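Labels for the chains are A, B and C, by order of writing; each one numbers its residues from 1.
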Amino acid sequence: MNQMASWGEWLRIAVEGLATAAFALSGAMEAARKRLDAVGVCVVAFLAAFGGGTLRDLLLDQRPFFWVRHVELLWAVLALCVLAMLFLRDRHFVLTEKAIQWPDALGLGLFAAVGVDQALQHQLPALVAVLMGVITGVFGGVLRDMVCNEIPSAFRDHRPYAVCAFAGGWVYVGLLYLGQPGSLALLACVAVTAGLRGLALWRNWQIPGWRA
Amino acid sequence: MNQMASWGEWLRIAVEGLATAAFALSGAMEAARKRLDAVGVCVVAFLAAFGGGTLRDLLLDQRPFFWVRHVELLWAVLALCVLAMLFLRDRHFVLTEKAIQWPDALGLGLFAAVGVDQALQHQLPALVAVLMGVITGVFGGVLRDMVCNEIPSAFRDHRPYAVCAFAGGWVYVGLLYLGQPGSLALLACVAVTAGLRGLALWRNWQIPGWRA
Amino acid sequence: MNQMASWGEWLRIAVEGLATAAFALSGAMEAARKRLDAVGVCVVAFLAAFGGGTLRDLLLDQRPFFWVRHVELLWAVLALCVLAMLFLRDRHFVLTEKAIQWPDALGLGLFAAVGVDQALQHQLPALVAVLMGVITGVFGGVLRDMVCNEIPSAFRDHRPYAVCAFAGGWVYVGLLYLGQPGSLALLACVAVTAGLRGLALWRNWQIPGWRA
């Protein structure tokens, strides 16, 4: 039993690390496309990787930030940026973007679950908790795009992303409300979010836009 | 007397609801113009409606946010976005923008007064309190424009907007300083702000720009 | 001895005032280039002058903000904006930008040192403290550029700026770690940051970008 919990913990850390790397890489590649310098590449990667969770902590008034408690995350993203600048070239971008879609989807689910969980610990209403989950998962990418002077792709590419985290967040809240244990709710939230995201990419689902 | 206070409270809630709807609609229409998808429309509407007050609460370190205490506001704006996407078309925009100018001006005054009031409760200096009022009234629109990749219209359209809230804020502070009751100061702030805004629109007042 | 401390204090206030004026002027001139109105000029000048320190205080959860404790700074920047709009013309911009390079470099060093110092008082790890110093010195300009709908120049002009503050911050942390007094660490941080910045401008150093 104890061993299972520790396996679960390890799995979570592995998914979190992979997802953070995927988010950071998406930032570094967007910075590269905009021809930013080394400082810009690092800052945009940091924003993409840590922006969502930091905004959540600001809104929930939580200190220290998670990247202060785990300062090794900062060093890892810094190292990733250096490696990316040394070895990743423009011709690798299409492949890299394909490769990070899955860790990105898993990360979206995990970060959403963590956001919902922390909001519920502050006794916030269900809708607010779900929105905190969405913010945790999505606003890293939003800040990344804003600093690169783009309309955030999460708001205009018509591919479900925030919506998957929204659905997953309600699953999390719903299972807790039904008295299920937190670990099951977390797993279900990740599975529903990542599953919906995967389905959406595979079936090319579109969310509606404004009809003129 | 009691009844009058309760009428005042009802009036205030009505104005606040109308103003929030006007702000949210301005966000939804800007998102529509930028061809954002449904997620983008909702996020920009939320930012326009709640961004100013949330930034004020962040700066004053106030928790819970007002939209956590009144979570029905979130549901209302969500419903408004769905309705707008179903029924509002591009050809209605000019008329809608004309129709929301007045609730928008009233809301600017009310939000400015609320911002000044809350800053004064934190014993902040008069200038800071007035700036908090301006931020409450204006920064929802600023965030809306920034996320849509525009220079905020409040900073470049030469039509008095923030300036009206600035003037109204000083009226609020001044009346309190003269020992007048808070409800009078609030009413005067709303009247001066909305009146100046209305005059400015009617007489086509312009604030000066940089002379080259 | 006492007199020396008071001279040091005066020198610090003078540098801080000069640097704040330089930051505010950079904001006013960017707003002017974008043809913003008077409100926009003031807001961008405020963001450039106070944005970095305010973001640091938000992240460290410090209240009151430094511009609440020194509200005269707000009045000074407001006055500076009025004077700039009255007397500064487009043809003065090149000269003004040359003239503010040195107070700007000094300010970068001083603000970085203040940021590191305050982060260390919150017992934050060394890397986080250095990053807080960089944020204090650099993010005023970042917010200035973002609101003006530009990719922040600190991230794309290939001239060392944030990197100088990063180096200066490590000097500060390193000297404290070696048991040196805080005033020496502060002076060294300012000297290294401003010196590196000056050298970079003089020798036209470039930081690398992404190789395609």
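Methods note: a contact is a pair of C-beta atoms (placed from the backbone, for glycine too) under 8 Å apart; a residue touches a chain by one contact, two chains touch by 3 or more.
Not measured: the values here are computed from a predicted model.
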item	value
Degree value of the rotation bringing chain B onto chain C, based on Cα positions, nearest 5	120
Classification of the chain A:chain B interface as same or different, half of numbers criterion	different
Centre distance in Å when chain A and chain B are each reduced to the mean of their C-alpha atoms	31
Two or more partner chains touched - positions in chain A	58, 61, 146, 149
Complex contacts: residues of chain A adjacent to chain C	31-32, 34-41, 43-44, 54, 58, 61, 63-65, 67-68, 71, 74-75, 85, 89-90, 146-149
Chain B-touching residues of chain A, taken from the complex the two chains share	58-59, 61, 124-125, 127-128, 131, 142, 146, 149-152, 154-158, 161-163, 207-212
